[in-house]
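Same chain, two partners: subunit A is paired with subunit B first, then with subunit C.
After this line comes the complex of A and B, so read on.
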């Protein structure tokens, strides 16, 4: 281990602020546009789009903490500053929870994406074949390092954003504003419980604390997160509001992917149809790149906890653990959806909000600062 | 599935482990082997009908989630 903390970084790649933004955007949108709008509509009804605005505000406030920690501990990611703040043993114990969380998110994202491909695209192909293929591609990308992942997001991110905006314009004629009204029909409880549900999904951007030390301008961490989460919130808000306004809450809440259903509606005099396949391509591409980023963060985190020189030998074993968890833990799609709806938000809130705020508070109380 | 997982873990172990052994990166080899052993444990546990870590997590936290979310 080198003298300065910042030198002890198994990843040598550097990303710029633009790549940082797209990395986070892909992470949010890949995760939040599959099953989440349906779950959110079930939770918050017509107030779902308002819950997204609430979650956006809370997430921006959390981003201030992540960005501040990145500047207070220059050259260190969240695993490293856990050790700096809490000491060698307790720090490692807390620090290892972050890479494990990234692996859990990867398991949920790729399983969800594989289920979607299985239902919409390849109904006759066994789910496990789609899962294995997705993991293989994700692991191959992750092994190339963060720079390669960042370059892919620079291409996929704008395309994905553009596809959602185009989709929104194309389905707009079927939109009925009256289906979104009245707001707060059942009081504020649906809005207040919907906001944390979506916040835990936006909060996956805790991964920004792994990117900050590798960004050429670490002081832009907040700006990157703010831009990414604003675009991500816009995307989820569009899909959610359009789904409610077009299908109504009664139908939209039971859809496995309202975004796909919206894309299926596009049909112009038999000239433009089956557009959902194009959208699905972007969605699957995004989930695979987001997963590769999560596997990379897992490898990087474990390599730092155990003091390795390189994270690369941990990529395939990490992907294999995630694959095993994805196949063995969820015998059916329903179990995956239940886990994602009821268990994941609790785990995510603990890691994304609880642990990070704990580190923040302890750093302030004990006057801990980075040394790099 | 158990056999397939074990076979894949073994294949990754050989493909990644041999170069690490040649380079003398013992620590990397140990961590990588531990991760692969965890996969094998998961697969064997599934074969013996033991719950996976995510199933255990679900058993503990799902009641909390159901109390908060619809």
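After this line comes the complex of A and C, so read on.
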């Protein structure tokens, strides 16, 4: 029976640890640098950047669980071990939530980036045109399999990291430390509520559980996740701290994308300016690659649930469903922002933390182990 | 077949990526370099003036100035009105053959009428419109913004560029603190909601110089009259989105010392020797090479005290008297001491103006109090406007002369008194 055995996998590609790191990094940073800093600042004020450190710690602990499960069920991804742990029917019921969650994340990411391009750069272009183009590219990449995606992230990941670090240096003259002070102005509550919010975003890298069985050294899962989430946290932390230090909390919290505003603030010695387009290039590139790996994970998961031999026929339908969701669910950018801020964290926390811990606990209690 | 489909898909994506909907041909754009916003007090209508850089000559337009190399005007001024800033910008379309492009705007000039009645409604558009940048500089004037934007600036073809260059120069040196939209907004947002902008004026400097020279030489000067000159030497203070006052040149200088740093500024003082009363007095100018101002709040039973500590490393730039022997360590000591006193007096004057006259905390007291005593700040936050005028402060200055420029002692001996 499909899904019972560890060696059965619709994806034939193999990735190495380095690619694993960049895959996860692109996933975290594309998702979390676009809109998240604004929401986080609304939640945690000046302590927003500290919340990220808190979330980083929580996420590393969560990663321990995922990495352990990857080793306990060798050669199985999280959809497969859901079936192994919970049985044929209940396992499938729980297992299908993961691919659906990936598709939801894909919808949010691509709708967010298309919206951003639409509002900031191409206001006369219909949003749907930008969305359709992004989905076409994403789906094309996803059909090429994980190896293709991994190679793209190997190129885009370092570029994206470098672009954020360069951006930070260039925008530094506008930074005022006094706007970031005082810390803990309203006690520790903002810090404590901010951390879970961002954890749900970092948590998107539960997709690591889809990569582990395809990595040539699955035991490196935790290491890869640790490096990726550390770099991702650094990136988000930089964007958040700079946004507060430059725009102040009052303005930064309502910005639809503080990162783009930061790039627009670059005016280095009255010489280097108007470079936000370059940064947007990396941002949109990363979101498209990130969504392609999300669509891939969706196809992979559904193929395992339904017992298909290949996931490829599922890619275009998946992209289409996500596209339809992206267009129909959010009549305006405001609904998207509100959904992302208020509803998504609850769904994400349930899937990323709740379901996985449930699987973990059941596996321990019932002494379930991988067979391979 | 498969390949053909793939190629078609790639081609269609390439077509979609050209941005067909948002194409902009350069020759169909009117590039706005600066906008000026005015309002007649009591009226709801925003009066907009934009300065547009010309890409080609259209000599028949009367509202033009500046000359390009080929004789054509380098800029055009257009006006429009509307109930809001964005409506006024849209209304420009009624007269412009080209699409109005704001994203290259460098400068926003606020006329006196608008500044005094409140800039609240234009601020939202400046923040929200994707074309404005938070790095655009902001300027207030005692005239109308229209007058400022129609004024030619010597040596520059497009005045907006000239104004931008003046502000760029202020970034490294000068008495006025240049402010971009971002800093302006952030200060208005944060407690105590006080912000500042440089203040532009039209002054008849040429006429004044001519008049004084004519008086001195006793005959009319053989000089052609020049139009008024645009100067930026003062600072406008905004509180709760209204302009509440203007700082004079001296207070503007000290305002920059307090809010930014003394670096790049200068001090002029009349040196009065202590040891030998016969010695000649002289105007001494010191250029501040490096410096730092720190404001440390202190809370005791007597209330809040602000300890302002200013350190400046200076270069002796000019001694008005030949008798100042700067190679004498004691003299240097005296000059330093007197410079410290002069700076202290200036800072005290500026703070007094803030506390008593304008009753606006543009000297950074609340910011420092908030950062150092977040808990106590919360108690005084709501009454800060009443508390601020009563806050005690203590100023200490330290001046260190690092060099005396390329000569040491003045060599021109003054004539012996008879």
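In this text, the second predicted complex is superposed on the first by the 364 of 372 C-alpha atoms of A that agree within 3 Å, B and C clash if a C-alpha of one lies under 4 Å from a C-alpha of the other, contacts with A are read in each partner's own complex, and residues count from 1 in each chain.
Here is the rule we use: contacts are C-beta pairs under 8 Å (C-beta built on N, C-alpha and C of every residue); 3 or more make two chains touch, one makes a residue touch a chain.
Everything numeric in this text was worked out from a predicted model, so none of it was measured.
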Contacts of A:278 with subunit B and subunit C, given as first, second, both or neither: neither
Contacts of A:140 with subunit B and subunit C, given as first, second, both or neither: second
Which superposed partner A:197 touches (first subunit B, second subunit C, both, neither): first
Partner chain in contact with A:324 - subunit B first, subunit C second, else both or neither: first
First, second, both or neither for A:97, with subunit B first and subunit C second: neither
Touched partner set for A:53, first subunit B, second subunit C, both or neither: neither
Partner chain in contact with A:123 - subunit B first, subunit C second, else both or neither: second
Which of subunit B and subunit C A:182 touches, first, second, both or neither: second
Of all residues in subunit B, those that touch subunit A in their complex: 1, 5, 8-9, 12, 15-17, 20, 25, 27-29, 31-32, 35-36, 38-39, 42-43, 46, 52-55, 57-58, 61-62, 64-66, 68-70
Residues of subunit A that touch subunit B when the two form their complex: 42-43, 104, 107, 193, 196-197, 302-303, 306-310, 313-314, 316-318, 320-321, 324-325, 327-330, 338-339, 341-343, 345-347
Residues of subunit C defined as touching subunit A within the complex: 9, 13, 16-17, 19-22, 127, 130, 133-135, 168, 171, 182, 185-186, 189-190, 367, 370-372, 374
Residue ranges of subunit A touching subunit C (in the complex, touch as defined): 119-126, 129, 132-133, 136-137, 140, 174, 176, 178-179, 181-182, 184-185, 246-248, 250-251, 261, 264-265, 267, 270, 273
